[in-house]
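Got some structures for you, see below.
Each of the two complexes below includes chain A, the first together with chain B, the second together with chain C.
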Partner chain A sequence: MSSRGRGKWVAKSAVALAAAIAVIPALWTLLNAFKNRVDLVTPTPLLIFHPTLDNILYVLGRESVTAGLINSILVSGASVLIGMVLGLPAAYAVARYPIKRADDIQFFVLSLRFLPPVAVAIPLMVIWLDLGLYDSRVALIATYTLLTLSSIIWLAVPAFKRVPKEVEEAAKVDGYGPYAIFFLIALPVASRSLIGAVAFSFVLVWNEFLIALMLTTSDAKTLPIVASELTQLGRDVPWGILNASVILLSLPPLLFIGILSGFLNSVIKKKA
Partner chain B sequence: MARISCSHVCKSYGPLEVVKDFNLEVEDHEFVVFLGPSGCGKSTILRMVAGLEDISGGTISIDGKVVNDLLPRERGVAMVFQNYALYPHMSVFANIAFGLKRMRVPREDIERRVHEVSAILGLEALLERKPAQLSGGQQQRVAIARAMIKTPAVFLFDEPLSNLDAKLRSHMRVEIARLHKRLKTTTIYVTHDQLEAMTLADRIVVLRAGLIEQVGTPAEIYGFPRSRFVADFVGSPRMNLLDVTVGEAPDNKWALSTGHETFLVERGRFDLHRGMRAVLGIRPANLKSTSPDIRLNGLSGIVDLVEYLGDGVLLTIALPGEPARQVTALVPAEAAPVAGTVVGFGTPPEAIHVFDAETGKSCRSAYLGAAEVGQSMRDAS
Partner chain C sequence: MKSKTSLPAVFISPSMIVLAVLAFVPTVFAINIAFQDKQLSSEDSHYVGLANFIALFSDRRFLNSIVVSLTWEVMTVVATMCIAVLLGILMFEAASARMRNILSVVFLIPVLMPRVSAAFVWKFAFHPLFGLAVYPYKAITGQPLDLLANPSTALATVAFVDVWQWSLFFSVIILHLLESLPHEPLEAAELDHARTWERYAYVALPMLKIPLISLTFVKMIESLRSFDLIYVMTRGGPGIKTETLDMYAFSQGFIESGNISYASSMAVLMMVATTIAFTALWKRVHA
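Moving on to the complex of A and B:
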């Protein structure tokens, strides 16, 4: 084997190993979600077993999980939607209309994300308590909108900048006004990257834990909070249920990651 | 159909003035080409006519109506961009029809007109495709179709062929010329390619650093460049330029001397004075092979480089003296000498251009009429 061939082989094994480290625990969790208690606690790990849906059904059947799921979907969905409706036009304006402080605006938007979540959460907690909105979906949606807005703006500005200016000018000569150009040209042309930006901000708020923990106590709890509580059921850890809840929690972001990878691909290809 | 009139048009970005006091009348049906190197302001003027760029000063009017504050759609213009600027998410059909949709043209009319236009440009088979599935030439034809379909009063082309390869470029040039012959729409065409300008234009506007250097027919621009810049920029291969000092000669002539060669020209043709420093210009095609010991109205030197062009050969000839000087001459391929040969070339005195070394302006006494242009073209060929 030539040294170059060997190098390739080493590189490939290293990649395979790294992939295995990342994937095997996730696969193991998936398997365990379908195992009986007996199969789970056995000292020799089992690959072949009688699958059961009990764990999944138990998790789905719990009222707190259903409530958490509904909260998560509503809160993430609404905050992403509002973030999109407000953020995409804002990003387009920053990208296309040269205003003096565009760079400052962009940096300010991002700087919201530099702050540790706790620093954001504590003042917000006080605000929502004073307004009587603490532990409500409205409060959580408003808070999360700050997050989605900043990440959508930050990711959408370069996406809009990549839309060739001449294409928009052609539409201008074709007789269209700025709003028509935004909706008929800029949005569809940038759509691939924008979908990725939106998916990314969805995953971000779907997985958000700390702020949700501080702003909710019962009514507005999101799925990550509920799932974390399942581990606090005492010494006798319900492994199957825990695994099942992890799987259920991971599914929506995983679906989005499919879209997200398309977005990342397009970014990398454009740069290359 | 429309006239375009620009009067005292300026454009500045902050303190930077890119267009200074631009005045031009474009007649109805006329094909005017803005020619100049990059950064000369030609595209900026075009974009001001299109309404894509604010006008800092002066007025532009189309068909007698001042358009300074009008939106592009209110100006009756259509534009073809350098990089085609097709809508990437739409089919060819939708691209062409997009402008008509805005005008609320009935659906059947849109269909009919798109098919008419695409028939003219040979796009019928491509209507369902997306721009990314087309070649560069096809994309540019779609862009032209998109501009044509609106039956604009004015066509604006912004370097439409510079992204195409050489063969396609000459093909598309012919198509654009044919299209203009057929539609007769007033056209402004921006390019830095002098060959495109010469072949397409009714009139060429040569621009340099935001100012007009010369306006004229291709024959005027080529035959009677008003400045050294125009002489150097227009014509391929480029005009030979030699530094000379003016002296008086008998028979009412000026003697232009390089120190090694002397050229005699009629005094009546040029405004010169004794001792003046000037630049003498001779087109490579106007150098005719003669004996190497030529003394007057010619030059001799050693062939340095022989470039075979097909029908002709371009010779680079090293002239004697310091600093190193060279000229190029275009000769028939069968008469081409080999490198290293000592050669002599003569020029008819009518083919000599003289420019002021200081100002770069032509020293020609009076602006010459079209008759003389034709005469000089015959002389040259």
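Moving on to the complex of A and C:
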């Protein structure tokens, strides 16, 4: 029995180590965001130091960062909204109605994810240049709709399938039409899973980098691009500012961590 | 139930039209550009037939980037799946219900971080002079350790960040999958004095074969998106040691020569390769 106890102990330490590796980089970055340059460029990493707000104030006060933040919010918000308005009804129809090509539709939606981002970004750059929309939010929103719409459909189909059929049939007996059933019954009943799907698609476009890098040069630059430009600065790297901008960039997706964790849990539990 | 309703057509058509336009127009354009000699700097261009594709196969940097991309794909997929399965089992064996709840939130942090952020965080952690991750090595040997500048470790170091993001996330999924299994087969194996690893290798994991294959499939698709990490951490360097296909296409099209057509021909080849490979895989898995 003691070998079993030792095994448990080893397993526990391994899990604890993994948890440390998951959390420490983020916490360390948060700590670094409050350090002065002298406390960052030390041969020995410092845990105790005089905290400063300079980095964060500098980042928040920088015009390029504010512009990037506004662009990111508008572009992610609009493309997620369009993805929801178009994608949720489509997912419902695929989930609930006997459509001949339902499998083909789902495979088509998934296959959009196989497209290498470069393969989408290069021709789109030429297209948006020709249309005079290069480096505009409109162009980026249209391009990101491809990502949000396909991911929302993909994740919302199973969410609608999990709505008990009896609930919808009862509504039908009560005289609800097919559209009323969708808006008044299916949508509210599935809402918790649907929020998870929508949050996922938001994280996807908020974090997107390659397409934004190729489709913007100044006006429509999103926050990841602005942050990456800071990381490419010359020799005298402002490490503190960099850490602060990484924190700002990473906060919005991390705000959804609770929703997404619950979503993951419910998806797998109910499938089995 | 009224058998005729307009709902499916009204609900599905707009999405399909939007997706088809957004996906097919760029694809057709990419193919069209790939047969021209379009430059970023000039307006006019001519059709050059297969010239770009022929040039690609005698371009050593292109052939190098195929090798780098394939290495990246194999490294990240295999490492992610192995670590995720192992960690999922360890949590299932050793963590209490409360601990599991906490861990399944904590292990999502890396994957939710934007790739640009993750790349920067680790780039700084691997900094030869001030990095936290290389500090122990430096403290013990007194030598700096520059993993990202070393040609033999650079790609693996960037891949580590990808595996860090995905394997912890997947381990949570695998934990939930294990929790969803019926208890009886595992208990029966225990009564038969099966060792712990035997219970998983011969009972639990075979029961999860299909979800595990799907996860591997997802990771294979997501591993194609290496660009953000490589762009921030190494820019393809040292030399061209970490130059993947998308990195090379990007630098051909944007940084070095502005040769849009050449970059596009690479993109078209990637598109054809991934579409064929993943469609074949999908059909096999779902057959």
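In the analysis below, the second predicted complex is superposed on the first by the 270 of 272 C-alpha atoms of A that agree within 3 Å, B and C clash if a C-alpha of one lies under 4 Å from a C-alpha of the other, contacts with A are read in each partner's own complex, and residues count from 1 in each chain.
Convention: a contact is a pair of C-beta atoms (placed from the backbone, for glycine too) under 8 Å apart; a residue touches a chain by one contact, two chains touch by 3 or more.
As the structure is a prediction and not an experimental result, all values here were calculated from the model.
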Which of chain B and chain C A:189 touches, first, second, both or neither: first
Partner chain in contact with A:164 - chain B first, chain C second, else both or neither: first
Touched partner set for A:172, first chain B, second chain C, both or neither: both
Contacts of A:139 with chain B and chain C, given as first, second, both or neither: neither
First, second, both or neither for A:246, with chain B first and chain C second: second
Which of chain B and chain C A:44 touches, first, second, both or neither: second
Of chain C and chain B, partner touching more chain A residues: C
First (chain B), second (chain C), both or neither touched by A:56: neither
Chain A positions touched by chain B in one structure and by chain C in the second: 172
Sites on chain A touched by chain B in the complex: 164, 166-167, 169-177, 180, 185, 188-189, 191
Touching residues (chain side chain B, partner chain A) in the complex: 50-52, 71-73, 77-79, 81-83, 85-89, 98-99, 102-103, 143, 146, 150
Complex contact set, residues of chain C against chain A: 1-2, 5, 7-8, 10-12, 14-16, 18-19, 22-23, 25-27, 29-30, 32-33, 38, 87, 90-91, 93-95, 99, 103-110, 112-125, 129-130, 132, 135, 138-139, 164, 168, 171-173, 176-177, 179-181, 196, 221, 224-225, 227-228, 231-232, 245-246, 249-250, 253-254, 260, 263-264, 266-268, 270-271, 274-275, 278-279, 282
Footprint of chain C on chain A - complex, ascending: 7-8, 11-12, 14-15, 18-19, 21-26, 28-29, 32, 40-45, 86-87, 89-90, 92-94, 97, 99, 105, 107-120, 122-127, 142-143, 145-146, 149-150, 153, 172, 178-179, 182, 203, 206-207, 209-210, 213-214, 224, 227-228, 231, 239, 242-243, 246, 249-250, 253-254, 256-258, 260-261, 264-265, 268-269, 271-272
